[in-house]
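Each of the two complexes below includes chain A, the first together with chain B, the second together with chain C.
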Partner chain A sequence: MTAPGNLKLPPQAGGGAALELKDVTHHFGGLRALSGVNFAVAPGELAGIIGPNGAGKTTVFNLITGVYKPSIGKIIFHGREITGMRSSNITELGIARTFQNIRLFKELTVLDNVRAAHYARMKVNPLEALFHSGRHRSEEKRVTEESRDLLERFGLGGSAGEISKNLPYGSQRRLEILRAAATNPSLILLDEPAAGMHPGEVEQLMSFILELKKQFSLTVLLIEHQMRLVMGMCSHIVVLDFGMVIADGGPQQVRSDAGVMKAYMGSAK
Partner chain B sequence: MIYFFQQALNAAQLGSVYALIALGYTMVYGVLSMINFAHGDFFMVGAFLCFVGVVVLQLSFIPVLLLAMAGVTMLGVATERVAYRPLRNAPKASAIITSLGVGIFLEHFTLGLSPYPKYIPPVLPSFSFNAGGVSVSTFQLATISISFILMLALYLVVNKTRVGLAMRAISADRGIVPLMGVPVDKIIALTFALGSGLGGAAGVMYAMAYPVIDPYIGIIIGWKAFISAVIGGIGNIRGAVLGAYILGTVEIMTAAFLPSTYRDLVAFSLLLILLIFRPHGLLGRAESQKV
Partner chain C sequence: MDFMRPAGALGKYLPVKAVVALGFMLALSIARFNLLDNYIQLVLMLIGINLILTLSLNLVNGYMGEFSVGHAGFMAAGAYVSSILSVRVLASYSPVWVFPCAVLAGGLAAGVVGLAVAVPSFKTRGDYLAIVTLAFSMIVKSVIENIDAVGGPRGFLGMDKLTTLPWVFFWTVAAVWIIRNFIYSRFGRGVLSVREDEIAADLTGVNTRNVKMLAFVVSSFFAGIAGGLYAHLIQYISPGVFDIVKSTEMLVMVYLGGVGSIAGSMIGAATYTVLLEALRPLGIWRMAVMPLLLILLMIFRPKGIMGYREARWLSPSFGRGTGKDK
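Coming up: the complex of A and B.
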């Protein structure tokens, strides 16, 4: 996989954190969804965001990926400020994501879903594509091969030609994650990857994510409700409640935090 | 029987013109879920560019065709940029009403430049040859074959190139396409370019068959092409072509075997009946493959 030109930053660039949120506040009209959120994710880390419903977890993802622009604060990716940049540029810099409710291109094939995600890395201009130049054709061929190979390696090779909405639920989840990986990110954001899965599937998903992380040298930030998954996988956990970070640390530290207990159980035991 | 085949040829000619225009409606609907009602007027501008090419610039057929396609392509891209893009996130009705406004603007802008109907002399050597009793004119041959080539080219772009893949992806879920690194605005502009270019070509084809043009020809032809797209299932490319040939056939055959005043009555009745039984059109499903 080649890096898409000079936009792409190597995982270690800037020396410091892979991702840093500095005093990020976001309002929806009069509703304050996030207030003064600060946290950082180190390169190569597998970090998790947890918190009750409505705590602002998905809003954090939407701000990082440029779906919203934060009202106040800065988002820094490998030392470079990305606050307010366009989604497609943020994708090019190397951040990819999945969604809480799976959002595949439902009517396209499994293969086309992954091929579409290669867009950021293809260097052919639209006119060339229209006239189907030789360079374009070889580019297309390379992308198709890479996409097939990716599906092959992660157990979806047999479904490449299927319309993606016809896949079983668990496979749709995995396809969405693979599609994100196909944009060649250094940071991947997973929004409740285990939602709606039974314990056996969660187990499989965990090893799937770890394998992907290893093969692509990814930094992973995930939102999850399944405590087993978060505590079992994440070395770093950020707890959000009512739009504020109430705890930030390792699993042990977070588990024993009084504020976290209060947010989850209603009182400090 | 010869009479029937003669009419079938006429139907193929009319259907080809409808198909080229219907593709513009269906492609824009596919990526934006919006009906561009100015598209019929884009077609009209194509017919007027045909006049400019033939009469003013005295060009031959292929340059005239390229002029009309290029001119209408630019018109389509400019309209999208100026009139539709600012409304991308406004309620759907705003963009649709804007498109009606753009259409009326184009009609009257053209009327301002050309207050009287224009006659376009034949741009191709006008002769017919006999194929088993059926008389085939050079215009018919040119219309049918060029439409076929353009539609084949469009099919290849949509299904075989990454630009086409991006269009299909936008059609499936526009919201997440930027997260694939796809420049959505560029792809939407390109979709307008393709659809408008085909509309421009249709203008030339139409002007060859009906050489007296005025600024209002785009209204009824535009409606018919729009109906073709709806019959086939709007948003569906193959559906638009199928619907266009069906409508062309119904119109020509009605005129051939019934009093010709029944033509539009039969055509529009067909639409109403079809929509009762197939509200998403012939090839459209509630979630069909769009663009």
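Coming up: the complex of A and C.
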């Protein structure tokens, strides 16, 4: 990556937050998955969403990335409304994500997983691709070098040629995060990045995320169940329960919130 | 691919371009001096045409992971458009120019038809393409059957035998080269990522709808080219030629050779064409071999001989010195 800083979307006048959800409500048929969700993530922040199973955390991610269109409400990214846009366009604007259950391009090599993420930013038209023109070749060279460099810097350089489904679990998690980073985002959404990892791996993952955040000057929003990771990393925590925001603030504030205690422990006392 | 190493070592001394030039010269001289029996030449040309069809279908079914069962419809479009052009419209011009123009026009027409099929069927996600393409090939068949101007169910003839070994060789090489280029490009990776996980592809910035349309148009273009070549080889086409059996033949060749592999398509097309000829003594029973082969393949080798693997000499980095995948 030559210029990790995102140049596509300069923070627009007036739009202070990197991401803002305004009164977002979503129904699946008769089931209300989210109701009136409001929260904002500031640029450069490392924010976390926590909440019991079924609280609607992944639904929030699916709404932000355009997998679903919210029934009601607005989603604003750097002052620009992205509600209902096509997923690939939202990614192009600078929001990348990973998935709760890893969704790599399994049969492709590690390198090709990362190179595929350059799709939107490659300046090659279909005819140039069909006839392998000079521009195709120089773009391929650039993308390959950048992808190798990214893998190299984040410890996967050695397995660039491997079929990604053959990687060990932890590396698959990392590759998925790197694939997201390769789209050159300014905001990255991580859905339970530490799921299934033991404490030592979680430690490594935390420094991996922090390093990535620093190098790409990212804003990070993550969903996580491992309290140690959330409390240790996030400066801003949003707590969801039954599709509603029940707390929103710093780790200390959330930890002592009566509503949060009730949601997790069953009772305030 | 380790088992392809010997071919790779050979390739150092025999650059692909030189082999292709040699092959073209050979094809020219075989056709010019009748070095081979006419029947053998016919079989060679059928292998080439079948290879183009196999590559075309492999792009959609193997690389993109969708399932088209109506590619005979695109072949029909190419065959009829090119035949009508060469017999009715361009008949007064020299065949040297008529033939390539007619075949190319057939391919372009099939590409346009492909786009028309792709636009509505890719609006939805999932497995609807199989049903849409099946219906499409039936529509093509009944439409042609009901147009009297092109012979209706009796078929269309009057084409000169313009398809020769050098022409088949040229179009086959063009198909291999262009489809390989497509696969090893920005769009090719997009197509592969759609096969692997369409939602994840969208969320890594791949415009999946555009990529799918593009692949489908390229695929139907080459099916149309194969149709044009076929029409000017057999010199007779009828709606019955392009029915579900033809589409099934293409499926067998793709799944025999290997999904998502150009080398596999070559193996599949050659093996199947030769096998079908060798089984001629069986008469109509040889047609039972095809479905049987498909069933056995699905059970024992669902991805085919070369499934998802590629010969090294087809990679763009081959012969550029570095062993790295560029």
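We take it that the second predicted complex is superposed on the first by the 257 of 269 C-alpha atoms of A that agree within 3 Å, B and C clash if a C-alpha of one lies under 4 Å from a C-alpha of the other, contacts with A are read in each partner's own complex, and residues count from 1 in each chain.
Just so we're on the same page, contacts are C-beta pairs under 8 Å (C-beta built on N, C-alpha and C of every residue); 3 or more make two chains touch, one makes a residue touch a chain.
Since we're looking at a predicted model, the values are computed, not measured.
Trainee: Just from the overlay, do chain B and chain C fit on chain A, or is there a clash?
Mentor: Aligned on chain A, chain B and chain C clash with each other.
Trainee: State whether A:T109 touches chain B only (first), chain C only (second), both chains, or neither.
Mentor: Touch status of A:T109: second partner only.
Trainee: Let me test your reading of the model: by the given contact rule, A:T144 touches which partner, first (chain B), second (chain C), both or neither?
Mentor: second
Trainee: After lining up the shared chain so the two structures overlap, which partner does A:D191 touch, if you call chain B first and chain C second: first, second, both or neither?
Mentor: neither
Trainee: After lining up the shared chain so the two structures overlap, which partner does A:G161 touch, if you call chain B first and chain C second: first, second, both or neither?
Mentor: Touch status of A:G161: second partner only.
Trainee: Would you sort A:E45 into first (chain B), second (chain C), both or neither based on which partner it touches?
Mentor: In the superposition, A:E45 touches no partner, neither chain B nor chain C.
Trainee: Between chain B (first) and chain C (second), which does A:D241 come into contact with in this model arrangement: first, second, both, or neither?
Mentor: Neither partner.
Trainee: Considering only touches as defined above, state whether A:D257 meets chain B (first), chain C (second), both or neither.
Mentor: In the superposition, A:D257 touches no partner, neither chain B nor chain C.
Trainee: Which chain A residues are contacted by chain C in one complex and by chain B in the other?
Mentor: 65-66, 86-88, 91-92, 96-97, 99, 103-108, 112, 115-122, 124, 126, 129-130, 132, 136, 139-140, 179-180, 183
Trainee: Give the list of chain C residues in touch with chain A in this complex.
Mentor: 178, 181-182, 184-190, 192-193, 195-197, 199-208, 214, 218, 308, 316, 325-326
Trainee: Using the touch definition from the top, list the residues of chain A that touch chain C in their complex.
Mentor: Contacts found on chain A: 65-67, 86-89, 91-92, 96-97, 99, 103-109, 111-112, 115-122, 124, 126, 129-132, 136, 139-141, 144, 161, 179-180, 182-183.
Trainee: Give the list of chain A residues in touch with chain B in this complex.
Mentor: Touching chain B: residues 65-66, 86-88, 91-92, 96-97, 99, 103-108, 112, 115-122, 124, 126, 129-130, 132, 136, 139-140, 143, 165, 179-180, 183 of chain A.
Trainee: Hey, which residues of chain B end up touching chain A in the complex?
Mentor: The contact residues of chain B facing chain A are 156-157, 160-163, 165-166, 168-169, 171-173, 175-184, 186-187, 190, 287-290.
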